[in-house]
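In what comes next, chain A is part of two complexes: it sits with chain B in the first one and with chain C in the second one.
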Partner chain A sequence: MGYRRRKSKQDKLIEEQPGNEADVKEPEQPSYSQLSRNIEYLTKALKHSNDLKIRILNEGQAALLFFETLSDQEKLQENIFTPIENGKFDSISKLPNGKQTDDLEEALKVLLRGHALYIEEGSKSLAYFSVTTTYNRSVEEPENEKVVRGSHEGFVENIMININLVRKRLEHRDLTIKYFRVGKKTNTNIAIAYMDGITNPELVKEVEKRIKSVTADTILSPGFMEEFIEDNPMSPFPQTLSTERPDRVIANIMSGKVALMAEGSPTVLILPSTFFMFYQSPDDYNARWVSGTFIRLIRLMSFLIAIGLPAMYIAIIGFHFEVIPDDLVPPVKSAIDQIAYPPFVEAFIMVIIIELIREAGIRLPQPVGQTIGIVGGLVIGDAVIRAGLISNLMVIVVALTAIASFVVPSHELSTTLRLLTFPLIILASTLGFIGIVFGILFILIHLVKLESFGNPYFAPVSPLRIQDLKDTFVRIPLFKLDTRPKDANPIKEQSMGESREWKRNGKSKKSKQTKKSK
Partner chain B sequence: MKKKSLLLLICCLVLLTGCWDQRLFKDAKLIMGATFDLTDDGQVKDTVSVLIPETGTERATEGNAHIETGIGDNLFDARNEIDKQLAYKFDPSKLEVLLIGEELAKQDIYSVLDGYYRAPRNNLSAEIAVVEGEAAEAFAVTTDQEPRISEHIVGLLDAVSDTTHSHGDNVQLICAELFEPGIDIALPLLTVDKDANKVNYKGLALFHDKHYHGTSLNAEQATLLLLMDNKKGKVARITRKVSEKGEPRMARYLSAEVTNHNRNLKITPSGGTISVDINLDLYVNVVEYPLDKLTDPNKITELEKKLSETLTKEAEEVISLLQEAHSDVLGIGRRTEAFHYDTWKQMDWEKDFKTITITPKVNVVIQEHGTIG
Partner chain C sequence: MANQKNQNKPKSQNDAAFLNTKITRLQFFFLIIQTQIGVGVISLPYNLQQVAKQDGWISLIGASLIVQLILLLYWLLLKNTPKQHLFMNLEKVFGKWPGKAATLFYCLYFIAVGALILILYTRVINLWMLINTPKWILMTLMVSAGLYLISGKIKVLARAYTLFSGLMLILVVSLIYGIRDANFIFILPIGKAGIEPILKGINEGVLSLLGFVFVLIIYPLVEGTDKEKLKTIFYTQWFILGFYLLVVFSTFTFFGAKEILLVPEPVLYMLKAYEFSVVERLDLFFISVWIVSVTTSFTTYLYMAGKGLKHMLDSNKEMPFMVMMAGVALTLGLTFGRGEQLIGQYGDIVMKFGYLFSGLLPVLLLVVFLARKKELTGRDST
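Let's look at the complex of A and B:
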């Protein structure tokens, strides 16, 4: 049983339109046999850019073109001139590491990629050599996705290194990488990675179709791609999981999902994503399963706290103070008795103060950021209570909410949660508990309706699949996670065979017998 | 365009309705305790304890009590009188305790409770008790045990319910029993000792239907009644004299805690009336008996026999008091109606409860005798 895959009329239209597919003919320009015409064409096409270097060789009979800003001088020397100096080859065009083309448009592209182009007088064949220079930082642990145990490697801005990190961890012939070029002007290199034979081919087709349909001039980062390819851009919830961790990407690829990487950004998108994936962290799998489960439950609880706690508090002290436990009545009453503003205003001020402190802390350099945290958190927090603007209970509530929203391992969802607090605060302060119920109802309805690449976003809770719950709210031991979750509709569901047989054979005869009878 | 107007409409709906029915907690004057008395001309005198929070302190505090009195024709009229004297709004939704004066209780307690059952924002889990004399005097007591007198009384009532001295009833729980003919209530009876500035538990006030008969049980009898009613609290302690000899005097007494009990209430209908047998087995743990020698089986048997006799005699007294007060706390009428409906129809419970034969029998079994041999 798979999930129903919706296909609207529009999708079909896009599929039928020929123009959207990759079969749009690239412009071609056959090369000339005269060197000067070739060079003239290229320099004109590159708008006489100053960093394009033309080295005239063989007394004007040949030329080597390259961007000095893209090429590595040492590589140039090593790949082209050293073999010639050694006397093994008499012409640059005959060097084995060069490639040939006779299309000037193609030559333009390779120049922009950082290759060096060798043109000879009287020859239509153009040779090009890869001398691209790259400046890479090391594969350090991403700042925003730290784990306690496990791999501390993170993706970098170079897509080749990123794919290398994936391939190193997943040495299997089924790992398929496909390249795409998006962004008419930026020409960004994009790759998708998936496991052939596990990932549903329909999903891959859908992803490819959506990537090819992007016609924007500028694609700078996966964040751009995300908005172009996601199902529902109006939703507050992120529908693609972004991560900078190779281990997380591998885990998702192995459960039948597609990873989308882009040149120039360490962020990798996982398609499709479900709501509960945002609450899974590699730490859960590195820790023992009991503690992993406990931490995950705490994290899921933080969802409710993050969106509901201020609303709940406002509803209680603004409408239903009967529910305050008897013993708490005097302390609560004495805390809020002399506050000037209604709880709604109080909460708004406090939530906005926290957002200000957070944003200021991020933008400022590290040492100043910490000062802001202390000044904002301690000094302002203490002063507003003393001034009687905000009750100390509201400070507790809002601070707890902020902390709860930071518990989510994904930054996007954390922002979403803090945003969702506001409508719930408004509903709670106008309608009380019933307002909260309405608000949460709307959020739930939206979550259940939401799809990510045709797959249900709120799986495995809706549609309910009990089997998949074992890695949702809890994390049962890894050897029991023998089927892949259905949310990406993988074609191969079994993820492991019989494990830990030694335990069964050694200890219990009964289970051995039942196994035999099977 | 259509979407925009819809959005505008929703905004208007939320912001411009004008009927924002919020009740701010900070603007409520919380009534933590209320007492009701009858004035000489039949009006209701309502004395309440209002929570006045202490502000400007660093730590959360219990707050203080402010006592206010209002006299009116009925419950709500008296409340209005109080509201006129209070800053902000009178709010009974966190009421902790409700005390009823003896005179009012003797007349009809439902007449003041009706308002509590009818209005939705009342705290029905408030504890209820009867005060000997005037109930308002209980709030005049200043105790240093708790910062507020209402909290002190709640603590007192909770404790007596834990030690099997009262049912631990609240306003909600007694409601059905006020109306049912086959069962009556018994509320804790408090006394105010003005000289010692104290509120004390005296026993159980026996009710018939909606009024207090005037007869009450003392604390020991109350425990026995509750055990016969199969309503043991957290602990039930029995201290009885078991011998006439022995020095010092306190050595003549034995204290025991009931660890387990088994109540068997049997109703036998015969010719239009019923006879009731109540067999109560008490399994006890001796917690104090200075004469000791409890390892001797003969001694144990002797003590068990002595205790059983004493308690059976006392139980008979309790039953006679119940019958005198016409207070069917044990719910014998309810059981008769349920299991012997034909007989019930023939009987007039209003009259016949006093005449039926109720034979209690208490059997004590000493199971443990503490940690010393």
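Let's look at the complex of A and C:
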């Protein structure tokens, strides 16, 4: 029930916003006073679609139109017929939960939104009632963003439920939701959420501008929006963080970012995003700060392993064998001596095998997927070494790389990392260490150049903001995180006052006084 | 007069974007450091030892003092010409056409230095890591990295240099590791060779410190008061002096006077000698990190050359000139990088010009500016 009430509010909002479809002049068609002409116009406009139901009432003096596929029969009964049967009202058009219009084009729109339309002979005013039906999945933990501790709720495909999940966690009047309609044909409902008074108004303006400039016919998911609104679509790096977790969205909204949700998808985009946001997981904040820091450092290390390890190995084997210490030379040499292929080909085959196994495992049902993993990983891995196609060291290196790429808490970035391995492998096999250095140099320069909604992507490392490093490589205790990160230029930086003064009570009055004087 | 005004207008507009970017003092610090520290690191001790024997470090300090004096003179000029970079000052102080000519010479000098950096870096790589790799591949790699960096304008340059400076830590740590085996007797007795070699050594020292002319171009962008900026400038020089002294001391005390003359790249030979249980050949890793420093130096010179050319021709676009200059650097590098002797001669000539463009010309600029100060500032206000 709660959702429905909000839905009607939303309709009002959308109708009130002229900016949404401002570029195209709204077609208008005043309604006729004859019932038949009205119905004829509507059915023609809807191409005589079979699921449009017309119920003739009052011996042909009135009609009720609705899409049976969009409307809920029970609601129809409850909202329209029950009050009439109870005898409180004599006519359907006088029911208080209906709204009036005299524009047939608008009537078309509300019909498509799942409303029921009531038309009377001899009256130009059309009444419509919200009887939309929705089929919802329950709120479950997102498969790809599981956490050990903390909330296990995830977003669903219904934008109203998603906004509800956000509002429930953030009960403050400053939480602002703005609706947009994008996709000329799909007419997808999109919402942005931000904290007024924390989020930079410039940022909100920029986001709105970019959303409004989308003119595509089809917008199916935030993935579509992402490519339309991001700064640099040519970059391999994802510039907007997508998440299905309400707690992650709240945390980001509270640090001055904007969340973008879309009807029909559980994925929410965070704008702007920085590179290091992809390495933060809600788990870090649920765990104790020391362990949170440790895990985060491991994750960031995995970045280096994921993009650099195979390249490093190939460079050493192919060019700089002298780097290996004396004691390690015999085992390494014996491992690669019998292999027919150059290390470059070896690495390539192995990386491709792993990608194949991964891709096959995703599409298949879980029990079969596991079998593929075992067959692929264990059997092929073992056989490939015994057959002498690939050295056992290479298997270790590539397997470790694959694992490291999965450590990133974001699926998009994980794919990016595995993609970046290839150019580095090629560079390493042609130029050794020099190739790796230049490869990484190019990646770093690219990261430094990249901007997400006008904010530097590689912040707070470049440009260096020492203040913000406290939640980047490490995660210092929460009560010390008293300023918001400058990633999104929030207009209110302070995020907490003094929280642990009881600890200092009586110990030193001096420090307290200086704090006060500040 | 009206005609002149029209001509001046687009210029002030196209530089407005550049002059409106703000860089912090920290970024300024790293921009200067990354420009000055570059190819020189590897062969500096050898060059000093050749001329000043074990007193090379005294020469280095002397050289740094001279550079600091020059920078102070720069500052006197820059303080009086806010919102004006080098090429604007040249035109303003010397007059339009002489200024443009000077700008052109500056561009040629900058790109010649860029080419020299390419040559020296390729030589080291060919000697130490990739013996058979053609020079043009190595040079193209560096040039394209530089161009890619420049395509993001000065702000990205500042951010990237700050980021890359983290790598200097690796260089510093590996050099400090070298001190472990230091034999301080090697630098004694102090002043044995006499004053003359030390003075000659100053020449070598100054050459390794070149690149500070970059200050003249980016100074107007730095945030803060003139005094704070001056402080930052001095900090950069002290940092670089400290770093170079570390290089010189660690190698001088490791090899000793006679030995060092046999090894043209003493830093690398020193690191090569160390063995760890995890990796060997620290020198290879050192070179890998050093390449980044070289790239930043090269990029700065390329940037200054392209910037100058753009300014000279009053154009709104920047990248075409950068690409052009990159092509020139590549051609120069491939032409003069073909033989040891040729490299030596080319290097000598280019380095000599350093005195003219980093020392003489800016000081002349200051003198003429001071002489015409009333006239110049007076015209501005009307």
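To be clear about the criterion, the second predicted complex is superposed on the first by the 481 of 518 C-alpha atoms of A that agree within 3 Å, B and C clash if a C-alpha of one lies under 4 Å from a C-alpha of the other, contacts with A are read in each partner's own complex, and residues count from 1 in each chain.
The criterion applied here is as follows: contacts are C-beta pairs under 8 Å (C-beta built on N, C-alpha and C of every residue); 3 or more make two chains touch, one makes a residue touch a chain.
Just so it is clear, the model here is predicted, and its values are computed rather than measured.
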Three-chain arrangement built on chain A, chain B and chain C clash or fit: fit
Which partner does A:G318 contact after superposing on A: first (chain B), second (chain C), both, neither? first
Touch test for A:P236: chain B only (first), chain C only (second), both, or neither? neither
Is A:G432 contacted by the first partner chain B, the second partner chain C, both or neither? both
First (chain B), second (chain C), both or neither touched by A:I339: first
Once the shared chain is lined up, is A:L444 touching chain B (first), chain C (second), both, or neither of them? second
Looking at the overlay, does A:P330 come into contact with chain B only (first), chain C only (second), both, or neither? first
Between chain B and chain C, what is the shortest CA distance in the superposition, whole Å? 5
Find the residues of chain A that appear in the contact set with chain B and again in the contact set with chain C. 319, 322, 324, 326, 432
Which bits of chain A are touching chain C when the two form their complex? 319-320, 322-327, 431-434, 436-438, 441-442, 444-446, 448-449, 456, 458, 461-464
Sort out for me which residues of chain C touch chain A in the complex. 24, 26-27, 125, 129-130, 133, 137-138, 141-142, 145, 148-149, 151-152, 156, 158-160, 162-164, 275-281, 284-285, 287-289, 291-292, 295
Which chain A residues qualify as touching chain B in the complex? 316-319, 321-322, 324, 326, 329-339, 342-343, 426, 429-430, 432
Residue positions on chain B within touch of chain A in the complex are 14, 20-26, 28, 30, 32, 51, 53-57, 60-63, 93-94, 96, 121, 123, 148
